[in-house]
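Structures incoming, each one as structure tokens.
One chain, subunit A, appears in both complexes that follow, with subunit B as partner in the first and subunit C in the second.
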Partner chain A sequence: MSEAQAVRPAEVAPEAAEEDPPAGRLQRIARLQALQILLLLAVTVGIFSVLKPDTFPTVFNLRGIVQNTAILAVLGVGMTFVIITGGIDLSVGSVLVFSAVVADKTMAAYGGTGWGTALVGAVVACLAGLGWGLLNGVLVAKAKVPPLVVTLGSLSAALGFSQIITKGLDLRDAPRTLVDKIGFGNVVGQVPALAVVAGVVVVGGIVLLHRTRFGLYTYAVGSNAEAGRRAGVLVDRHLIKVYALAGTLAGFAGILNLAFFQSTTIGGHSNTPLNVIAGVAIGGTSLFGGVGSVFGTVIGLFIPIVLQNGFIQTNVQPFWQQVVVGAVLVTVVYIDQVRRAAALRGARPGLAALFRRRS
Partner chain B sequence: MNRRTAVGAGLAALALAVTAACGSDDNSSSSSSGGTSGSKSYKLAFIQGVAGDAFYITMQCGIEAEAKTQGATVTTQGAQKFDPTLQTPILQSVIATKPDAILIAPTDVSAMQQPIAQAKAQGIKIVLVDTTLNDPSVAVSAISSDNAAGGKAAFDAIKQLVPGGGKVLGVGVQPGISTTDARDKGFADAAKADSSFTYLGVQYSQNDPAKAASIVSAALQKDPDIVGVFASNLFSAEGAATGIRQAGKQDKVKVIGFDAGPDQIKALEDGTVQALIAQQPGTIGIDGVQQAIKALKGEATTTNIQTGFTIITKDNLDSTGKDATYKASC
Partner chain C sequence: MTPVLQARGISRSYGQVQALAGADFDVEAGEVVALIGDNGAGKSTLVRILSGAESADTGEVLFEGNPVQLATPSDARRLGMETVFQDLALAPHLSPVQNMYLGREVRRPGPLGWFGFMDTRAMRAGSREAFDRLGAPVRNLTGPIGSMSGGQRQAVAVARAAAWAKKVIFLDEPTAALGVAQTQNVLNLVRRVSAEGIGVVFISHSMPHVMEVADRIQVLRRGRRVATFRQQDTSMEQLVAAMTGALQWEAH
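Our next item is the complex of A and B:
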């Protein structure tokens, strides 16, 4: 039931479809959505490449785009799980900052600038994130406080604690090795280390969601918690685990953030949770729960960043960039919604309950 | 059918995006190639600390005017917030467009160091305008106001307005921004040095007017006898004025603002703010372009340039202070 659970063979997905046909159907649509988003991303990249052939499709630029998406992608993995359960986590930006602050303090106390210090920092950051995640999870699952409220509370509290610890002054004690090797380093050639680290997290997230019982339970809790409970899923405990996962990943993103910005960027992550949620939604994960994919989220996170990058290169006025990104978000989710509604109309009458939930 | 709708709508959204791209090429910016002089037309880029701020718009006006004179083209970009996590991707995108020089107002002394060093590594000349970095040697020139002197000027203004002394409070943006840190320090040092004044410290508004308002109204609850508030940037001053109005103390507490955007000028006219310390963003921009072009031509540059201040009060607003006010558009 834990991450350590042996990876189950590919038959899991069809099995799920048999147990719960509408979910399986929506799942297929979600996959289709992810592919179409990928197409949209490819078209966007294509258009900018044609408009700015000398500057857009360059190694430097694409490398930068990937680097700028990496930290959001780590957060996006956890957010996808949370949203599939029908919840939301607004606290990821603050938990990121809090974890970075705690890790920074620890690394400064530990001393040194090598890998050892960086590793200590990473572990501490993950633990700090885990703590907030567990708190969120317990409040959501046991105290039955709505996730929006719980995580709005921890958003505020985690940022507050960060400011208490630092007195509002950004800390800048990231060890040099961490900054040079992870934040700005390359693994091979021009492949940024930050992207490789995020890629590992993303692949781990995909496996966990689509190939393990943990992932199956996540879908089950999100599509119908009561049915899941009757089928033997420990819903409360699973919810706690999902929020803990999101918190831990936010903590991990904290150490990556420290590596990339060399600063705890206390004032800097107020919009991060919303950007991540936008990416998750563009990527085809339903905010009603039960449907979604990590792969879609990653593509969904790339789209606003590619648009921003392209708009800057084509010299679009800054304020227009936000308008277009907002329009893309709503358009994409609307199309997704239309498609899902159509799929459900074609579904058997016994699925009426599910239909009501989503309309 | 659905699929077609989906793809169609997706393309429509994209078309909108591209139209926006093309549309604003004409009117929003700034591309002015006056270069018939025969010499190479340099491509400059200006990255603001935050978009839509009168200070940076005035600087942009200076930059564009000077670039036109020099026969260079310039494009301007800025993030929605004064935030290194938002500025880094913008800088990276601008670097990819391969300008000859970048004029940038870094939003954090250390977080922007490495991204700006990347720009230099691409052979781009860097000029730091307004704010600076821990290690400004990546830039050919750093141009800013002498902010510590500006903070001291703010204290002098309070002293003129309240000769008897009393408690004074600072409202800053957020720690780690070189310019506002220096202003706060200049103000703090001057206030501490004068025994008739009590310095209550600096509170940070995170560049949020609402937060600045709540800070000031809370401070007035605690110390109702505050005589002066120094708000070290635009949004902090706007918020401080609101906070004082909330507390009903607009006649008793003198507010000294930094910068002279349209809103502050209005606040000065209304009497909510009693004095403004105006920087010279236009001059910073002009100097920035000159230094960038000198560097591109291989001439010697001035590593550090400090520009001065104008103190604007209600009395000189129609005369000398008028030229010092910031512009909302060029």
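Our next item is the complex of A and C:
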């Protein structure tokens, strides 16, 4: 038995060398990418911890960082799905605001300050987001308008509607329970409720993306929509579902936003979609579609926030954060792309050999 | 013996261009039929019609002797007919297993399955079996297919079609982009598929490949079938003559 096994590989070796490039190179890169970003995050946290041992690595400070990332992470889950299909969603910031406005109005009309009111608000916010998501999805999938244009349009329209409804003045009718328990509350000890809620969404997103047919179709549509169509995947319907998911999560982020800021923050989210897209890209999701992970996105979202926090504490002008994030974004995506191109050229030696590992 | 799939008098025009002008075609179970013809002879149009991707203006399609309507590729698929298109229609970022089962995923039993959780183990085993059965040179089942060689991709596409096809497989130019060793693999695959009783329709420009793998060869020219040969009774010269119109001969 063992002898036979020892002989066989030698026999098939010549053909194997030609036919079988190193196993799962793209997958390995995807994993490598997430690990590298995680490493980058760890190093960043490490440096600031050494520079400001008394203020940076404290529970209070880390809690703040996590809280600031939580809402973006909820948006990032939906954005990751959209970008894996090869699309983009610029409307998430405006949809967040719109959903918060509608939820605020509804909760004010419903009255009360308890869980019931908060729940009504959450449902209304999600439905409002779902509505925008469906609109985006139908326009992208059925009307074949490019996602960039569709979501640029809904970015504008959703913000416009928010301002029409509020006459441009922020609403502040978040019920007490929502603010105290979700916005600022802790689940246990110093673990913020906001982070736990976002964590549940993130884990749900990871499971949905990697374990279910929905996730598989998301990759398939981004990888080769025509192949999916011929295999019987209802591509248009799936795209609509993905945009609907992103919209719903933006709506949910809207109620979280209301809980945390106690305001609809109408003017505060013009950069949000771009920040979320940057996090997705830093996290290793390809803007060309077909590749990506929710986990990477979360790490990618942490980096800018940690940098900003650290720069403030180390008395660097916080504006440097924007410069550094820009540089990190471009560098990471560049390295990623070079490697991925090499992997996809697979069978050819040369560039690919640089990244080949002995297996 | 009734052909498993037969086309009679198929015509199809695109505006002023008549791609098919009363073309006939037939394939029996377990045989390899090569469909050859010069560029523009109507091979691809005929295959698209027979696989449900397009519909004919006139003419009828008989499946196991009964007239059928092939309005969509799903109709053809339901009858047990699969097509390997020239571009293979694989998703490069997905693994061979995921490509194999795309659109036909095996769900986990019970409530998890209702939520779309997939039985990856069953699908992996099924793929392994399908590849082994055809001797397909696919060793890595989990890596993205885009990083694999042309031969392996071709093998996955053929194995996928073979795994789901019960009656007929169409292969559109399956060796066009392959090297010598890989081509040989695909030709071997074709032989094994037909040995399982499936009718294989093989479109190719390569006369040596056609002569090597086909039982019968049907020649299209200007939208009609102009000749049918048994492989052992013909030669490449004769095929080329039929394709170019130097020879007109319906042999039965």
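Everything that follows uses one rule, which is that the second predicted complex is superposed on the first by the 319 of 359 C-alpha atoms of A that agree within 3 Å, B and C clash if a C-alpha of one lies under 4 Å from a C-alpha of the other, contacts with A are read in each partner's own complex, and residues count from 1 in each chain.
The rule is short, and it goes like this: a residue touches a chain if its C-beta (ideal position, glycine included) is under 8 Å from a C-beta of that chain, and two chains touch if they have at least 3 such contacts.
A quick note: this is a predicted structure, and the numbers were derived from the prediction, not measured.
Q: Tell me the contact category for A:116 with respect to subunit B and subunit C: first, second, both or neither.
A: A:116: touches no partner chain.
Q: For A:169, select first, second, both or neither according to whether it touches subunit B, subunit C, the two together, or no partner.
A: first
Q: Taking the superposition on A as described, I'd like to know which of subunit B and subunit C A:204 touches: first, second, both or neither.
A: Neither partner.
Q: Identify the partner contact of A:153: answer first if only subunit B is touched, second if only subunit C is, both if each is, neither if none is.
A: neither
Q: Once the structures are superposed on A, label A:185 by its partner contacts, choosing first (subunit B), second (subunit C), both or neither.
A: neither
Q: Quick one: is A:56 in contact with subunit B, with subunit C, with both, or with neither? Answer first, second, both or neither.
A: Only subunit B; A:56 stays clear of subunit C.
Q: Going by the contact rule set out at the top, does A:43 touch subunit B (first), subunit C (second), both, or neither?
A: A:43: touches subunit B, not subunit C.
Q: State whether subunit B or subunit C is in contact with more residues of subunit A in the superposed arrangement.
A: Result: the larger residue contact count on subunit A belongs to B.
Q: Spell out the residues on subunit C that touch subunit A in their complex, using ranges where they run on.
A: 73-74, 77, 85, 88-94, 98-99, 102-105, 107, 115-118, 137, 139-140, 142-144, 146-152, 181-182
Q: Which subunit A residues qualify as touching subunit B in the complex?
A: Those in contact with subunit B are residues 36, 39-40, 43-44, 47, 51-52, 54-56, 58, 60-61, 64-65, 67-68, 168-170, 172, 179, 183-184, 257, 260-263, 265-272, 305, 307-320, 322-324, 327-328, 331-332, 334-335, 338-339, 342.
Q: Can you list the residues on subunit A that touch subunit C in the complex?
A: Residues 15-16, 18-21, 23-27, 211-214, 216, 219-220, 222-224, 226-228, 230-233, 290-291, 343-344, 346-347 of subunit A touch subunit C in their complex.
Q: Give every residue of subunit B touching subunit A within the complex, in rising order.
A: 2, 5-7, 9-14, 16-18, 20-22, 24-25, 28-29, 31, 51-52, 75, 77-81, 83-86, 88-90, 92-98, 108, 110-111, 113-114, 118, 122, 174-176, 204, 206-207
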